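Once you scroll down, you'll see the structures, which are given as C-alpha cells.
What follows is subunit A paired twice: with subunit B in the first complex and subunit C in the second.
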Partner chain A sequence: MFDPPNSPKRKLAKDKERESDMEFKKPSLKRKIQNPKDKTKQLVRCVNDSHGVIDRQWLDGSTVADTTKVFGMAAIYSLYIINKSGGLIYYKDYGSAGRMDTNDSLRVASLWHSMHAISQQLSPVSGCLGIELLQADTFDLHCFQSLTGTKFFVVCEPGAQHMENLLKFVYELYTDYVLKNPFYEMEMPIRCELFDINLTQAVQKDRVAFLGR
Partner chain B sequence: MQFFGGSEISPSPPAPTASGNNGHMMYVFNRNGVCLLYREWNRPLRTLNAQQDHKLMFGLLFSLKSLTAKMDPTSAAEKGNLGMPQLPGQGCSFHSFRTNTYKLSFMESPSGIKIILVTHPRTGDLRESLKYIYNLYVEYVVKNPLYTPGSPIRCELFNTTLDQYVRGIA
Partner chain C sequence: MPPVAPRSGDAIFANVERVNAELFTLTYGAIVRQLLTDLEEVEEVNKQLDQMGYNIGIRLIDEFLAKSNVSRCNDFRETTDVIAKVGFKMFLGVTASVTNWDADGTCCSIVLEDNPLVDFVELPDNCQGLYYCNILSGVIRGALDMVSMKTEVTWLRDVLRGDDVFELQVKLLKHVPEEYPYKDDE
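Let's look at the complex of A and B:
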C-alpha cells in the first residue's frame, strides 16, 4: 500500500492502526470483492496488493470462511497473536468497550506469555503445555500454541463454544497468508492484507450468526 | 503431528476416576502473600522447593488478576496502568484457568484471603466448593481462639474436614 501524498511521514502507531482499519472500507477494495465481473483484472490487482499470495477459492467468491459455520455463535472481543518470544505481532479489536492502546496491548501480550510459561512450572503433573482457557468474571480467554511457539489467543464472551476451532482456523490462515508471503519477515508484526481480509470475514461470519440468533 | 483431524493434540492425564482423589493440592494465602496453608494430595512433579513454589503461585495469581483487570472488555471505565494495585473485589478478576494437565480454581474473599484449589483438568465449576471451603476456614480457623491471624494454619480439625471434603468433590 502507498501513503496518500500529503500524509506526514511519521505517524503514531495508533493512527496507523486506524488507517489499516480504514483500508477495508476503501471503495476500490470493496468493488474488488463484490464485483466479480472481470476476473483477470481482479487477479492482477490482488497479486499487486498482497505481494503475491493468491487464493483462487477466494477470488471465485466461494470463500475459505465457509468453515466458520462450525465455530458456533459467540461474540469475540479481540484477537492477539504473539511470537515465540512474547512480542505482539497481531492485535485486532472487534468492538470491546474501552479499546486498549498499542502500548497496553503490547504489555498485556508479553504478560500473557510469561503467565503461560509460569503455569507450566506449577503443574503437579509432568507434560504441561500452558494455559488453554482462562475464565474471568466477564470474559473467557482461549489460547492456542502452535508447535513453533506462536501463541494465538482470543478474548470472548463467557461460555463461548468452539473457540479452539476458531483459533486453529486462524492458525491455518496465518500459515497460508502470512508465512507463505515472501515479503513477511519472521517474528515481525503482521501486515498482510489478504490475512486481514480473510480473518475479518471469518470473524464477521461468526458474529452475524450470533446476532441473527 | 495431526492438527486438524479432531484428535486431542495435548496429552492429558487419564480421565477422573469415580472414586475421587482428583484433587492435587490447595493453597491459602492472606492478603500479604503469606502462605497460610498448603495441602498436597497427589503431586508427582515438583520443580521447586516449597517456599519458591508458594511465591511463584502467588505471583502468578497476582499477575493474572492485573491482566484480567486490564483486559476486561465490558467496562469502558479508565482502568489505570497494567499492574495497578487492586483491592480485593475491585476490577475484573478470574475464577479458574485450565491447562492440559490441571485446572486451577481461585477465590478471593473481601478480606483478601485467597483460596486456590488445583484439580484434574476435567473437573467442573468449583466456585461453590471454594465458598464452602472458605466457610470451613471461618468455622475452624478464624473461630479458633488459639489461632493468631496471619500465621500458618495448624488446626487438626480443619485439615481433616478439608481432606474429607476435597475427596468428596474432586
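Let's look at the complex of A and C:
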C-alpha cells in the first residue's frame, strides 16, 4: 500500500515535488480553479500520519505535504471532556496545531470549566446554560454540556461546520463505551480502548469523507 | 442550529440493539437468587438491589439523555412524564403511566402494568418482604440524582405480593443545583 522510500516511483515524485510544490502553495484556492475532469490531478492516495501531516500523491506523480487541513473540511485541533467538577477526564489532540502537554491541557480544562460557570452568572438573559461557542482569530471552540454536567468541547479551525453534531456523537460514544464499561469509575479519567477506537473512527470519517472529491 | 426534536420512546426502542427478554428475566432472577443466598436477610437484599439500581441509574441517565434528545424539563411533572413515557419504553419496552399527583406536584405514582423483570416469577412464602423489582427504584433514584434532583422512590403496589399492577411512588425531596463554589475561602 505504501511505496518504500527508495522506490523509483517515489524518487520521481520527489523530483516533481519541487515544481508542483510552488503550484500547490495554496491548496484550497488551486482546488477551485482546477478542472474537475482533469484526471492527472486526481488524488491517488493520501497518507495521514499521527502528527496530522498529510502526504498527498496525485496521479501524475506529484506530491504535496500539507500540515494544515484537508480541502474544504474543517480540521479539529483537539477534543476535551470535563467531568462535572471541572476535572479533565479525556484529552485528544489531532495534529500539532492543537497539541498541548498534560499540565497545559489540565489548565485549559479547569479554565474552561470556570469560564463556563461564570458565563452563566454573567449572562443578561436568565436561564443561560453556559458558553456554546467561542470564536477567535485562529480557532473556534465549540462546547456541549450534557444535562448531567459533563462538558465536551472541541477546539477546531475557524468556521468549522457541524461541530455540534460531532460533539453530540461523542456524547453518544461516551455513554456507550465509557459509562457502560463496568470497570470505569465515574468522574475518573477515561482509559477505555473501545472509546478511543470509535472516536478515532468518527473523527477520521469526517475528514476522509471529503478526500474522495 | 435549531434544536433537535425529542424522539419518542417507540422510535428509540426500535433503533437500539435489543436482547432476548427471557435472557434478561433469567439473568435478573439469577442475581436476586444469588443475593438471597449470600445475604439471607430479605431487607439486606432489598437494600442491595436498590444500591445496584442506583449504580445503574447514574450511568443510564446519560445514555437516556443522549439517545432521546429531551430538553431540560420545566417541572417535576414533565420529568416523571418523560420517565414513564420515554424512559421505561426505551429501556424496558413497556409504557408506564403517571397518576396520583399530590397538591404540591412533588409526589406521584408511576404505574406499570407489565414488567419484563417478573415474567415467570412467583415469590415463595419465606420471601414475602422482598421487593423483587427494587432495582427499578434504585435506577430512577440514581438517574434523577445525576440531574440534580434528590428523590425517594418506594413501592406501593407489587404484583408479586398480590396486587394487580406495579406502582412506584416517586417523591421529589429537593433540587440540588450544581453551584460553583464562589465562597470556598470562608
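Note that the second predicted complex is superposed on the first by the 134 of 213 C-alpha atoms of A that agree within 3 Å, B and C clash if a C-alpha of one lies under 4 Å from a C-alpha of the other, contacts with A are read in each partner's own complex, and residues count from 1 in each chain.
As a working rule, contacts are C-beta pairs under 8 Å (C-beta built on N, C-alpha and C of every residue); 3 or more make two chains touch, one makes a residue touch a chain.
Computed from a predicted structure; not experimentally measured.
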Worksheet item: Regarding the shared-chain residue A:191, is it in contact with subunit B (first), subunit C (second), both, or neither?
Response: neither
Worksheet item: Is A:149 in contact with subunit B, with subunit C, with both, or with neither (first, second, both, neither)?
Response: second
Discussion item. According to the stated criteria, A:176 is in contact with first (subunit B), second (subunit C), both, or neither; which is it?
Written reply: second
Worksheet item: Given the superposition on chain A, which partner contacts more residues in subunit A: subunit B or subunit C?
Response: B
Item to complete: Please indicate which partner A:84 is in contact with in the superposed arrangement: first for subunit B, second for subunit C, both, or neither.
Response: second
Worksheet item: Touch check for A:205: first (subunit B), second (subunit C), both, or neither?
Response: neither
Discussion item. Show me the subunit A residues, by the header's touch rule, that subunit B contacts in one structure and subunit C contacts in the other.
Written reply: 114, 118, 121, 129, 147, 168, 171-172
Fill in: Contact footprint of subunit A on subunit B as seen in their complex
1, 3-4, 10-11, 13, 24-25, 42-45, 47-48, 53, 56-57, 59-60, 63-64, 66-68, 70-79, 82, 92-102, 104, 118
Fill in: Touch list for subunit A against partner subunit B, complex
77-78, 96-98, 100, 104, 107-108, 111-112, 114-115, 118-139, 141, 147, 155, 168, 171-172
Practice prompt. Enumerate the contact residues on subunit A facing subunit C in the complex.
Written response: 84, 114, 117-118, 121, 129, 146-150, 164, 168, 171-172, 174-176, 179-180, 186
Worksheet item: Quick one: in the complex, what on subunit C touches subunit A?
Response: 1, 58-59, 61-63, 65-67, 72, 146-147, 178, 180
